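In the two assemblies presented below, chain A is common to both, partnered first by chain B and then by chain C.
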Partner chain A sequence: MKKYGKLNGYNKWDIAFYIALMAFPVLQFCIFYIGVNFNSLLLAFQKFDVATNTTTWVGFDNLIAAFRRMFMTSEMLRAAGYSFLAYGLSLVIGTPFSLLFSFYIYKKLPASGVFRAMLFLPSVISAIVMVTMFQFFVERAVPDLVFRLFNLRIEGLIENKATRFAAIMFYNIVMGFGIPSVMYANAMGGISPELSEAARLEGVEGIREFFYITLPLIYPTVVTFLVVGVAGIFTNQINLYSFFGQWAPGNTVTYGYWLYIETAAGDRAEYPELAAIGLWLTLVAVPMTLIVKKLLEKFGPSED
Partner chain B sequence: MSKKANSSSTKTRFTPVTVVILVLLALYTAFLIWLLVWSLLTSFKSWEEFRLNVLGLPEKWVWNYSFVLGKYTVPVPSASGVYNVPYGMMFLYSVLYAGGCAFTATLVPCITSYLCARFPYKFGKVVYTVVIIAMILPVVGNLPSEILVAKTFGFFDQIWGLWLMKANFLGMYFLVFYGVFKGLPKTYTEAAKIDGAGNLAILFEIMLPLVKTTFFTVMLINFIGFWNDYQTPLIYLPHYPTVAYGMQQMSVSTEYGMSTIPMRMTGAMLMFIPIFAVFLIFQNRLMANLTMGGIKE
Partner chain C sequence: MNHFCKKALVVAVSVLLAFSAAACTDPTGGETERIDTTKTQLYVYNFYGGYGSDWLAAAKERYEELHKDDVYEEGKKGVQIFINNQKKSMMEVVASQVLDNVDEVYFSEYSYYYTLKNLGILGDITDAVTKPLTEYGETRSVEDKLTDEQKAYYGIEENGTVHYYGLPHYAGYSGTLIYNVDLFEKEGYYFAETPSDNTAEGRFIDRFNTEKSAGPDGVKGTSDDGLPTTYEEFFLLCDFIKEGGATPLTWNGQYYRQYLNNVAQALVADHEGLEEMMLNYTLNGTSNTLATVQNGIVTRQGPTEITNENGYLLTQQEGKYYALSFLEKLIKTDDYHNRLAFNNSYTHIDAQNDFLYAGHDGTTKDAALLCDGIWWEMEAKDTFASMEASMGPDYSKYSRNFGVFPFPKATAERAAEAAASEKPYTLYDDIFSICFMKANIAEWKKPLALDFIRFVNTDESLVEFTTITNTLKALDYTLDDAAKAKLTAFGRSLVEIREKSDIVYPFSTNPLYMNNQEFFSTHEAFYTSQDQWSPSAMHEANITAEQHFANMLAYSRGKWSTLN
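After this line comes the complex of A and B, so read on.
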């Protein structure tokens, strides 16, 4: 008979098993998280000569050049503006609508199952497919419809400079409801039914129930989405590559798109400066994320 | 009985606000259906007809699908010149890329979270903290470095290389699995240990079967994500174009015959229909099993 005296104890076989299974994830993490990011840091201080295929250390030259490029060129300042604008619009419009839609689903009001499926559908379809459909719809179908209804000729909404960014953001917000709505609805599903029942008996229903009971109880999930979303300011491409490939118009470009196309261009000599820009953006993104997290936790609704 | 009671207590009457939400959701649904139906109808039109009849039903139904399937190729450079990868090969590459990456990207967080949730070692807490920190603290602009590291390790332009690159435990699904494993009673493993089961038997015969629903859901979501992803293959798999990669190339193609709107809609439909079928079959599983709490350091 085995020794069962220490039922919850762990022996050397447990440790060996633990190490054997943990080895691969840790190694992968060391290479593709620590290694990649450390290498990115080193890249920011190097220069690559394509002609001689050699790497040299250049001190802070890349960081200075990256700083100038980011803060003194209209191209990058404009990218900053659109990046923050895209995040702000998603936050101000996307998040409240996602929460209200998920509340409707959670309350099992008429057709909530259909709405849940329709909200989620765009998240499972490739962005390139959805963008192709949407792009030609607003470029061709909408002007045709306006002409039929009002006998008025208008440009396509993407072709028209004045409506381009709005149309792209409309796409991003409307097609982005899926995951948050379903996650919020599932989180709301975890609220004790007795709580809703008690609230209803006290006359707290509808939007009051949403603000006083539902939102405070799922607030940790909302915070998670919002905090993780801060990084999106610097990485979100707002589907520009799907809309325009490498040739997005300047009055739409975000940091995320710019970094992707510059890297995808594959010019090895450009990598150090891109790494330096990434380093600057990380230095901005990290404190910003922590501040947002602290503020949301401090000023958000309380479960009490 | 209690389920019914729970359901009725969650339900609410219509209020002005919920009526407004209903109207918005109805508008959203109508827009999405219109968009999909319009795209489908457009894929059955000739270019000549589309220019005159943008919104209506096709007067003459044209089968663009066989033409697009035949022409749906991606030129790939090789030592012996440029060769075209046909749709069938792209489909195979998509299955290998999406299937393999989905499996490793699900298995690794599942196993890692199991170790962290069920073994009382301090290292598990370190891993958990690392996951939280990596989620909160964004690292921007490390793509050039990642490409260089992938090239250094020989993972670049290899489908199996991407399986390994995606096999990380970071991210939301670690927390999903961690929550599930933490919630399982200890009595299962204790009983198995009394019966003489080893750690491997406990993992494969008890724990993994208990989380198979979550595992399948996460893997399905990952599979859809990788299937739809064209940006990673565009950079990391220049010789193995996937279906999504091909669709992206088609969307910017200027080739005569393929660059028209009906042809592009046909290409879009060819990608849309298989995933839509998967969605219809598994929609409840996809949407019901995922919950995420807050993040605490």
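After this line comes the complex of A and C, so read on.
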């Protein structure tokens, strides 16, 4: 019997194949994750002078400046608020709808195959095309429709600052619907048909089947998506760049968008403080992610 | 899903993917050029934005013809300028990519010159810049075609000598007002030299009173005759246009924050003038226009010495308040702009289309002025072509009559001062365009790259650039009458206004500026933390010009202590 996990059970061709298969992703991880982030880590403790082309070590100066900026300026506190709000809305609205939709597909209800195929479309069509179509709909079609139906002139839903964030989140939730729905449906597809059949014979059908059979069995997949979502709270741009370029109004700006714009528009001398902000965000996001993961695993539905 | 449906879906998705794949090959939509193995290639990166690539294609053709018998490497004869048109500006092209890319000479925009230099991606082009262009029959060098500010910025002193690692490329006056001269002529949107009566309407020419006023340059018989000289007159004109049933100003809603911000900054430059405006970047000199504003009354402070310690005071240059009050008047009423001026789905291309079709498509009412950049005709070339095809040659861009609308001045005193000046206007060029050779170009190819950079900066090439794009390069050159005759009316108007203008290039070598370039950019020029940019502050938060002016000082003062 082969001893899995030990090399002495394999011949040299197996080992060569394994190395050939793993070398590239491992190298990529080393360069683009460890290397890049290590560089950012160093940058957080440096100051770069464009005029003299010199780099100096400044200890914790950047971290202190970044802390002040993050927690003592109204702009950044507002951006943090919108980042959490965007995640919260996706969690509260997007996730339940995604799960129910997946269940619909899993139960092979009418047109479920078409819906499943359509869920891939946002991933196939360029984001800028989708944003353009959506903007045209909410900015032109909706006001036109309201005018025709009620003879009332209204602003576009993005033009109107009161409905702007809601419209953008609607877009994000709808566009973010596809991949989780397909993944949940796939996970549901792995549930033993005998189990569903037994539940049906016991009178557990429809929404009860969803809550008592399906959800507990795919819960690890749900947890994965929720945890990844928490880890991405501070990097989620909510597609603002596609909507507004560099000029997104303050009542939509998230941390992810702000960091992207500052990095793209900023100069090299401005990167150290951004790196320090990134470090602070990591210090917030890592424990938060681990806590959320722990809580979800502890208090979620059980397969038993 | 039945078998047929699945197949149909697969085909539909494949078609969609094919379109997106095709879009990656050549943004110009033209055929991709093949490498000619019998010639030596010089790889040239071109930012394919509003200025397009026709100018480069023309330069390539002449250069290849000029050097068709030259040998640069063994076994090959002649040179092939291989153009790589891309939509990524230097802000988006990562510096390391430049060194790895095959492209050797770059033409791009929005670049931080000193950052690129520090990253080691710029090759030394001093010889190309400083030696007179005698081989092309010129006595001047490329350096001689730069302004003092450009020389100070691009010329880097190293070991006691000045070295150049880049050059300015095209000019980009982003906050430009373009006016429909045909409509102005037809409707008589010109101030009369002597008003017919005391009414607002009486201020304008009519069939009995045809003599136009001298306009902002104060000289009769020039193209700006009859145009408003002050902001007050400008809004009188807008009222007159509105009453006549036309739309005074058209701008795009998607980026109204940016476009109106650009107009405001251009107004500031025009009001403050070159010397005073440059203080915003050099932070060294005496400001004579710092002002306080109370209840709309502007009071100048005395001359103030500006240093790195108090540069934030420049937010209080009076021109900034006047520009804000101009915007406020424009924004806070629906009388002066198009209906979709704040609609996020209304793009700059939509605005250009509406401006061009206005009064000609039977649905869009006449539009008098468009707010855009000087490259607008290039961006609108498809619309011009489509109008020409469907409506006839009178609608080609060479037949239609548009012009750069010279900015009026904030006050009558400033208008009189400008009219008496040799250069009554000040233009603001914030596109940060650049031409450079990459640092790690093969040694044997350097002479070729340097020669090509010299070639595209000869007077002949500069003039050709203008005749093709109807825009300008950010260098000093003149067009003779024959060259001007090849331009559109807009192009001629642009050349004319530049001849009468000083130009602000918003950069300096002050370390505070160089380490905080974003803070000193147009993007942040009218920014406040609570209301962001002035156009949206006024449109959405109902902030007044006076409030925003005060908030700018508070924001800038707070930010100043945190600058690098």
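Annotations
The rule is short, and it goes like this: the second predicted complex is superposed on the first by the 276 of 304 C-alpha atoms of A that agree within 3 Å, B and C clash if a C-alpha of one lies under 4 Å from a C-alpha of the other, contacts with A are read in each partner's own complex, and residues count from 1 in each chain.
Note that in this section contacts are C-beta pairs under 8 Å (C-beta built on N, C-alpha and C of every residue); 3 or more make two chains touch, one makes a residue touch a chain.
Note that the coordinates shown come from a computational prediction; the quantities given were computed from them, not determined experimentally.
By the touch criterion defined above, A:154 lies against neither chain B nor chain C after alignment on the C-alpha atoms of chain A. Contacts of A:69 after superposition: chain C is touched, whereas chain B is not reached.
Of the two partner chains placed by superposition, A:215 touches none, neither chain B nor chain C. Residue contacts after overlaying the shared chain place A:80 against neither chain B nor chain C.
Of the two partner chains placed by superposition, only chain B is touched by A:231; chain C is not.
Measured by the number of chain A residues touched, the leading partner among chain B and chain C is B. By the touch criterion stated above, A:250 is placed in contact with chain C alone, chain B being left untouched.
When the two complexes are overlaid on their common chain A, residue A:91 makes contact with neither chain B nor chain C. Of the two partner chains, chain C is the only one that A:47 touches; chain B does not reach it.
In the superposition on chain A, A:204 makes contact with neither chain B nor chain C. In the three-chain superposition model, chain A touches both chain B and chain C at residues 114, 117, 120-121, 124-126, 132, 136, 140, 245, 264, 270.
Interface residues of chain B, counted against chain A in their complex, comprise 5-7, 9-18, 21-22, 24-26, 28-29, 31-33, 35-36, 38-39, 42, 54-55, 108, 111-112, 115, 119-121, 123, 127, 130, 134-149, 153, 164-165, 167-170, 186, 190, 193-194, 196, 198-200, 224, 227-231, 234-235, 244, 247-248, 251-252, 261, 264-265, 267-268, 271-272, 275-276, 278-279, 283, 286-288, 290-295.
Per the touch definition, chain C reaches chain A in the complex via residues 1, 5, 9, 13, 16-17, 20, 91-92, 112, 114-115, 117-119, 253-255, 257-258, 342-346, 509, 511, 514-518, 521, 523, 529-533, 536, 540, 562, 564. Across the complex, chain C is touched by residues 47-53, 65, 68-69, 73-75, 113-114, 117, 120-121, 124-126, 132, 135-136, 138-140, 155-156, 158-159, 161, 243-247, 249-250, 262, 264-270, 273 of chain A. Looking at the complex, you find that chain A touches chain B at residues 2, 4, 7-8, 10, 13-15, 17-18, 21-22, 24-25, 28-29, 31-33, 35-37, 39-40, 43, 97, 100-101, 103-104, 106-111, 114-122, 124-129, 131-134, 136-137, 140-141, 144-145, 148, 174, 177, 182-183, 186-187, 189-190, 193-194, 196-197, 200, 205-207, 209-210, 219-221, 223-224, 227-228, 230-231, 234-235, 241-242, 245, 255, 259-260, 263-264, 270-271, 274-275, 277-279, 281-282, 285-286, 289-290, 293.
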